[in-house]
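Single-structure report; data block below.
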């Protein structure tokens, strides 16, 4: 018989809490991470960071390296973006999470960010999983859109097995035949994963929906279903976004979402 | 250019409210329908009806005719079940919704029930849709597990086109590759349908989940996402259910769900 | 333990052969059924029947009653179409298969056609399955696009259990996330069904592909995978088709397909 | 307007032929690649290579580095396996294709193998795609099981854009709701890809089926649909396979498949 996965409740029964600086995932408090899909402009980043900070987001997200479907799509500003994120982090006291696409960038990301994200398209890139498993930074591991819940937990094990115990899982929508939304947010995966695993779990409603009109509903549903947090695309400049503009909330819409969550979250027994 | 569907917002902009006796779908109040999957026993039905009535369910559900995958599966008690439902309805003041599988049963169902349900497997059974379109009873139309949102609205049009304007839609999970749950509850379909259609929309978390442990999370998520109500399998005798026992809440679990919803529903601006 | 399904190899080990007049399904010979999606015009029907007869099709298909997604889509000419099919059948010596959508039409279809088709959208319409189970005509049962192979065999059992032993199965594509084709033809279902069931199995490449350019490849693949026949949309008037025009072969394209099959079929040990 | 993808017919109209030593992909001749899923034993590898060579396979496949779902699954013998493959290649005059999972292994694989394979789980690992794009070896790029045809062509562009013009595509099954097979072989993707792209396309029926009983049917269907070759798991020691034993043909079964293909391939106008 195989021993239980490190990510499983069989291996560790109690909920794991993971700290990214002063932010704790998996506790009573819901963690909201917000920011632009991709960092393209200092002014946009700082304005967005300033606004989401006022709206009580806990962390700032922003892409420096992007895994895009086509090589002709914009691939991110790289280290320039990392430095801007770092500056914004200090200016607004928001820890940073940013995506890694090449394991040679681990050192660079460790220098500027507080949490490393593995994107959906790299969920089974085992070389990358092992590399972040050796990093000292906590990892945000997104579920692949073609992967099962069970495969997500196995992917987490590639990281945990290297000694990095700080893995936060993220549901971000799977592929189905339904074509009115970009992906199908697998809401039942939230209670399923919470039953199977002790790791914290957040939800990315922006990529699942692909349409900003749906993000507020999806966010509230995710929290009501038991998610420990949200990863939301927000920008102060929605019309000039180079990547995924359609699904990015404006800072005003984000403010409205946060106001709704401030009522909803206590009603399900959690804290803002 | 095709004229807009009768079920679409293009045809009718304002939300439609549909009354089943004293119960109104599509208003501010959330409608909870509960009861056993299939009526098999008078004592079970009455005990369940009594308990859900105390827990403030608005309507009683119960199967008399079932569309089962195999002809050897139990197909329901037919008119005997309808009469029991009718008695329970009067005893506990709960309007009844029950499924139709053969259009020759319309008259019989009109005699005993208050709302006719079209099951997922019959969503594109156009002869049945037309028949209930000629009934005086309101219709609960469930989305097929292999059908798109757009096809659900077209199916509603088969009913609306016959003159029956009282159609309530129901999302109950779709098929995807994920196999940890019986179906994937399409939570994004809730805001999508509310945008596309003026008809009320409820959610069946029981069939989607296929597992009672997930039903409470799914119910809360559906309400948070904007559903107008829930259709939940509940029984006082969970261990003797002939059909779908694994996904049926006990009356105690239902009571606990209702207590949670009593806190959640006001927090999203609706009424219990 | 449940007894085996009537459709299963456990119930009957040897291949079942089913005759529709002089045409035998499930033997060494491959059965090609061709014709327009829907009968709309006598001249088109007779020209098409004449051409496919010359190209050695074994049977003529044509829709009189259609299950359409929307009530505003053309629903077929009904009994007028049945009479035209009957005439064409006698003129060109081609047995007829036509779809049933309402069980009140069984007698009418028995009068004019030689085989009754249950469409994909009605695969789990149990009232209709039972009704054709009482008919004397052989049944062509199409797999629902949201249904598993196992559910197809259970649906066949609704017919077989009523005493009608003449059921031919039909794979016609399932829904998946891939959007470059209308459906995903489930080619592996062919050997899977042949292993699980003793019933003959044909393939409808036209509805799966949704594009006539793909039909020839799909037809050859289906035969190579072990299908007992094909159901193909063909018309002499492709540009005036009211339904599914994009996926309908011209009679010239059909002639070309038949010439390719005449070489392919012997190479896999079957007969044309 | 975006310029056309390098992999598209818009960019290059005529079929591209790609040579791996004396083996040509994309010409009239069908290329059969066979061998064990993973190299675990010299005797097994040499016996298998000897047998598939006698059965006229054109190339030898064998895993040295494996992308496995869980870190506790066997990950391959690495350079030891590469050396064994190289020896077997020389002994039986069969060029080698082997999978890469970490771009630091490009040099090692270039030393011992003739073609580099990108597995389904790495189809959108852009760092790996770019690295093999700089290699001198031809690349076999497998479609991800959660990826569209269009994404496969974009992934090919990551390689082509780096200057490596020698990319062979491979369909290997996608995820759907059907659970009687491990994946759903997307047979329509074959004519779709041949229409959209000038690159050669082969099919892996073994991983799609997940069951050796289905591999022969799937192989014949793929060739009939227009594939330029097959990638098949074969072993002389089926009962001791550490990975994917259920789907691996025995050398006798492979011999039987090759005999069937020798009749089928000329019947569709290609050469063995």
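Letters are used for the chains, namely A, B, C and D, taken in the order the chains are written, and counting of residues starts over at 1 for each.
Just so it is clear, contacts are C-beta pairs under 8 Å (C-beta built on N, C-alpha and C of every residue); 3 or more make two chains touch, one makes a residue touch a chain.
The UniProt protein names, listed by chain, are A, B, C, D = 3-deoxy-7-phosphoheptulonate synthase.
Small disclaimer: the values here were computed from a predicted structure and weren't measured.
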Between A-D and A-B, the pair with more C-beta contacts: A-B
Chain at maximum distance from chain A, centres defined as averaged CA atoms: C
Chain centre separation (chain A, chain D; CA means) in Å: 34
Residue list for chain C, restricted to those that touch at least two other chains: 146, 174-177, 179
Complex interface listing, chain D residues touching chain A: 2-3, 5, 67-72, 101-103, 121-122, 124-128, 144-147, 151, 154-155, 157-158, 161, 174-175
Contact footprint of chain B on chain D as seen in their complex: 146, 175-177, 179
Partner chain B, residues of chain A touching it in the complex: 146, 148-150, 174-181, 184-192, 195-196, 208-209, 213-214, 217-218, 220-226, 260, 263-264, 266-268
